[in-house]
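Once you scroll down, you'll see the structures, which are given as structure tokens.
Consider the two complexes below, in which chain A is the common component and chain B and chain C are the respective partners.
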Partner chain A sequence: MDKFKSLFYQDSLLEKLHQFQNTYGYIPEAEIENLSEKYQLSRANVYGVISFYSMFYTEPTGKYIIRICDIISCHLNESDSVLKAVKSYLDLKSHQTTEDKKFTLEVVECLGHCGEGPVMMVNNKIFTKINKNKALEILNDCM
Partner chain B sequence: MLRAEIDGLNIELEEKMSILDAAKKANINIPTLCYEDGLSIYGGCRLCVVEIEGEDLLKPACATKIEAGMKIKTHSKKVRDLRKNLFELIIATHNIDCQLNCLTCSRASNCELKDIAEDIGLSKMRLAPIKRGDSIDNSSYSIVREPEKCISCNRCIRKCEEVQGIGIFTTANRGPETVVTTFKDRGMGNVECTNCGQCILSCPTGALHELYQKDSVLDILNDESKHVVVQTAPAVRVAISEPFSKQAGDISTGQLVTALKRLGFDAVFDTNFAADLTIMEEGTELIERINNKGELPLFTSCSPGWIKFIEHFYPEYLDNLSSAKSPQQMFGAVAKSYYAKEAGINPDDIVVVSVMPCTAKKFESKREEMAGDVDYVLTTRELASIIKSAGIDFLNLEESEYDELLGVSSGAADIFGTTGGVMEAALRTATELITGEELRKIEFEDVRGLQGIKKAEVEIGGLKLKAAVANGLGNTRKVMEMVKEGEEFDFVEFMACPGGCMGGGGQPISSDQNVLEKRQQAIYQIDKNKKLRKSHENPYIKKSYDDYLENPGSEIAHKLLHTKYKARKI
Partner chain C sequence: MVQEKLYLKGDKLLDISNYEFKSIKNALQIGREKTIQKIKDSDLKGRGGAGFPTGIKWEMAADVEGKEKFVVCNADEGEPGTFKDRYLLEERPLKVLEGIMLAAYAVGADKAYIYIRGEYSRAIEVFSEIIKAAREKNILNDNLFNSGFKLELKLVRGAGAYVCGDETSLINSIEGKRGRSRIKPPYPIEKGLFKQPTVVNNVESLCCTAEVMNPDSEDFSELGTEGSRGTKLLCLSGDLNRPGLYEVEFGQITLIEIIYDLGGGIKGSEDLRFVIPGGISTAVIKADDLDFPYSYQAFEKRGSSLGSGAVIAVSKKHDLLDLMLNVSRFYMDETCGTCFPCREGNRQINKILKAFKEEDGKIDTELISDIGNTIRLAARCGLGQSSLNFITSVIENYGKELKFGGKIYA
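Our next item is the complex of A and B:
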């Protein structure tokens, strides 16, 4: 049963999407077409699944994906000032990528550390209790 | 036997079914919006909720099976109040401001939302419409999408996927940002859409409609320097009266011709003439391929939705397609050559307008392989709207006859308007041409009716011809898979729309469940009433070959009446 389960998960559409996202940093069109054939879904359907999840991309992203939480508990701890600083430092809006393809900015809803806000995430790493200076330091470390 | 109670009525049912269907049997109408006969159950709009005794929550009637002993209330105060609230919320996503208002809406005269509002007794609207700011999708030659009107009932998605087997639409994003869109938001003109327009027939909001050419046609009719000719497809004459009479299955060929003459067309011709011509060309091609061991099965090429489908999904079979143009395109080519010569008119001054039950014909007329044959394509719906706006009392019009030369046709051409008709017309002519004997029974019952896939074996002078007929793209895919798996056919008729052209995406949107049966019976009746019932006996077809086209498959026939196809990516 467990073996069946693990096989099932390895082979599920979502698991494949994760693999492509990790490999390419986005899900290329050719892979969407392969998936549509494999799962007998229209490519519009696969696209629908991808667009449902905010951490999947259909276009190339920057090397670093910066996610800043702006939901109520982070907002009460002034995440908006962090966001403002990062936006002006990178000259980006949410969902945008810098011209040098280094940074993609995402304003997100909850990263699961509500007691330690404001929270920022760079690729897979979480930073808690940040302020605008710390945020800019983190960005500089990526440069 | 299953006993239950709906609204105090005791009902007995032979089999399990949804509460919605059980209520229908008891003559109780429960309002629905996302539900559509023939599509899967979505259960998204919740308008059909009902109260079931002993259950805390209201249940959607479409998605809940009736159980023995259930006591159901379909119109209690609780249910009615909730329905009104739900409808207010749904309508808030249907933006009807100045640019997109009810008066200019494609569904102005038969709005499903208005009907529902009446059915649920809506008396107030407390929410202003949400303006999402979505831009109109103008990418297609055939269909326009106005997403601001979309309420995400998903009927277009299910129609495209489940009936047509394609699936160009999806819901994208999540929560309040959820929208119905195409792959990567590319627009209908930039994806594998076949332009069949079945989604338009399913859309309750007018978010989908054909790309209008009615204003351009009215302009060209006012241009004195142009000789404007019109052709009408076989399926138009059995549906054009629906927007006026609100009933299906009336034959109004004569009124249609009178209305077109009154609108100012310089000549009113019939696509049927070109349908007879198609039979001569395609029939000759079939006989040639059988005799010379050419590529078989031969596939029909009349339906432009089917053509785009095979170009996208089965390009390896393009050689099986008949090279004959569709009747619409043949007509255009003949009007601008043969008719121009006979009437002594400069072909450059001739404008060809088509009236079609079809949205894909708009795309077809723009194909580079046949550009210039046909200038404008109106759907049956667009023509009805033009007739109304010209103040013509359609139902009471006297009848008139099509103009000669390109206006006379056989009953074989009339049945092109229904599934199986092209096959039957071809069989009538092929049998007589091959055997040289007169047919004893002219109707080929095996290819008649509304089934999605029909097969027939016909004996023609010692030759056993294996035929198949498929209508609705979902069924055409099934037949293509049969062909792929090696099932042998000689001749296959493919139509993109369920029922064939009479069920086309450009036809009036009917609330009659039996509209296709009624239109089909009307088409068979027209054929039956005609003296001339075989394409090769049409004297004007003979004349066109004698005077201009030489013979079927000749060099000039090939130049004017045949075309090429191309593989397209998905």
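Our next item is the complex of A and C:
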């Protein structure tokens, strides 16, 4: 492969990482090793990419990744009270996973539904105009 | 009651079989040079936040030689308060596609990328379908309408990094790297993606180019006022009765009308304190200074910017220190860490504000202002440079009122 082509090839790295993340719930060591060979990058380099992006994990995540926005537009609409309720209900802080590997909680920055806040995302699904009770109901539906 | 001007907003455009591609057909007919001239004449400014003239960008890119040339559609909409690009991607993706085709045709690129933020799973789904349909219909990867013009388009999804909204960070991200900004020059137009000439345009900007080139909406570029042409999508949020997406003509509506007519005024019993006019990287506008027509120039005159079009109304109900901490935490988390004034500065600001809250001690507003200036001067990307606009503007406007201890801001 000439150098130019091999550079082009790198535009698929992020997508590969997404696929592993979706399949395993995190990106396992063995796949990092494979990627480093395939893309001719050092493992440290691949780790560096993974650690830069908040949607990639190197440790197993819960079956449900709960993302709750607490930035200004949602915050003005009391997302902090939703967050408080969810944190105490799951007994988690942000970036933590429950012991039964069911839930991972992430306090995130803007999910792009600012006119309908507070906003919560469960895996790929968006829930808008939530409040404390609605958030707990959504979590219960996942149980 | 103020009327919306509907060009960018409208019925869903999802069915490629019923979409006529009038703008790109028009461009193919009149040729590259005239297309660029039309965009230049329209005085269209980038809608992502920086406001660079789109036509000039295209003209410069068309003149550059490279082994390859790329067009990148920046759909990494991450500025808090902004959701217009998500709307366009989910509901009017054919306009976005047409805009990408126009840009590629005009600058002479045969490869394009669309980089959609990872959190926009619905938009990613919709746009992937559009690309698939366009390939099946030979709109992509083929001799487009027998013109000899061929375009490959690839979707890359981001993975959670605000800073990738900066064009050089976004380019690094497409290349499978950490999304850190690059030193400019060279600008992407000379050396961008894979070191080749690259044009990066925002989703809404590209949709605007499709309006400019559409024979059915010839009046689009005549709308607005000098220096602010066309329409703008506004994302209204915060303490409003009717938040949501609105389209307005530049110069024909005041910020008062935006807040009280379109937005339905402030909810609850409290009054408006200020408006954040273009996302949290823009300086606040006080409630008693809203009576001016919405335009690039009017905000510039007030030391602010219309940014991404995220208009956030903030009432007197909220504790300003709490809001400053909220915004400060955002930048502390989202700085890419390359330029240390941005990385360390935002951390220090958070520390200062936290200490003030927890210890109820003194706050050194002069130090905050110094750090703000340092970041503004020393950060190399626009996102870093503008990271303290909100906080410093709140202190400038309300520092005294809030009885901050220590040195009072002049």
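Rule of thumb we're sticking to: the second predicted complex is superposed on the first by the 132 of 143 C-alpha atoms of A that agree within 3 Å, B and C clash if a C-alpha of one lies under 4 Å from a C-alpha of the other, contacts with A are read in each partner's own complex, and residues count from 1 in each chain.
Keep this in mind: contacts are C-beta pairs under 8 Å (C-beta built on N, C-alpha and C of every residue); 3 or more make two chains touch, one makes a residue touch a chain.
Everything quoted here is computed from the prediction, not taken from an experiment.
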{"item": "Touching partner for A:E33 - first (chain B), second (chain C), both, neither", "value": "first"}
{"item": "Larger contact residue set on chain A - chain B or chain C", "value": "C"}
{"item": "Chain B versus chain C as contact partner of A:Y47, first or second or both or neither", "value": "first"}
{"item": "Partner chain(s) touched by A:S12 [first = chain B, second = chain C, both, neither]", "value": "second"}
{"item": "Partner chain(s) touched by A:P60 [first = chain B, second = chain C, both, neither]", "value": "neither"}
{"item": "Intersection of the chain A residues that touch chain B with those that touch chain C", "value": "48, 52-54"}
{"item": "Touching residues (chain side chain A, partner chain C) in the complex", "value": "4, 7-8, 10-15, 17-18, 39, 48-49, 52-56, 67, 70-73, 75-77, 108-117, 121, 124, 126"}
{"item": "Chain A - residues contacting chain B, complex", "value": "29, 33, 41-45, 47-48, 51-54, 58"}
{"item": "For the chain B and chain A complex, residues of the former touching the latter", "value": "161, 166-174, 182-184, 191, 570"}
{"item": "Complex contact set, residues of chain C against chain A", "value": "67, 77-83, 86, 113, 117-122, 154, 156-162, 173-180, 194, 235-239, 243-245, 276, 280, 310, 312, 314, 318, 323, 326-327, 330, 333-334, 336"}
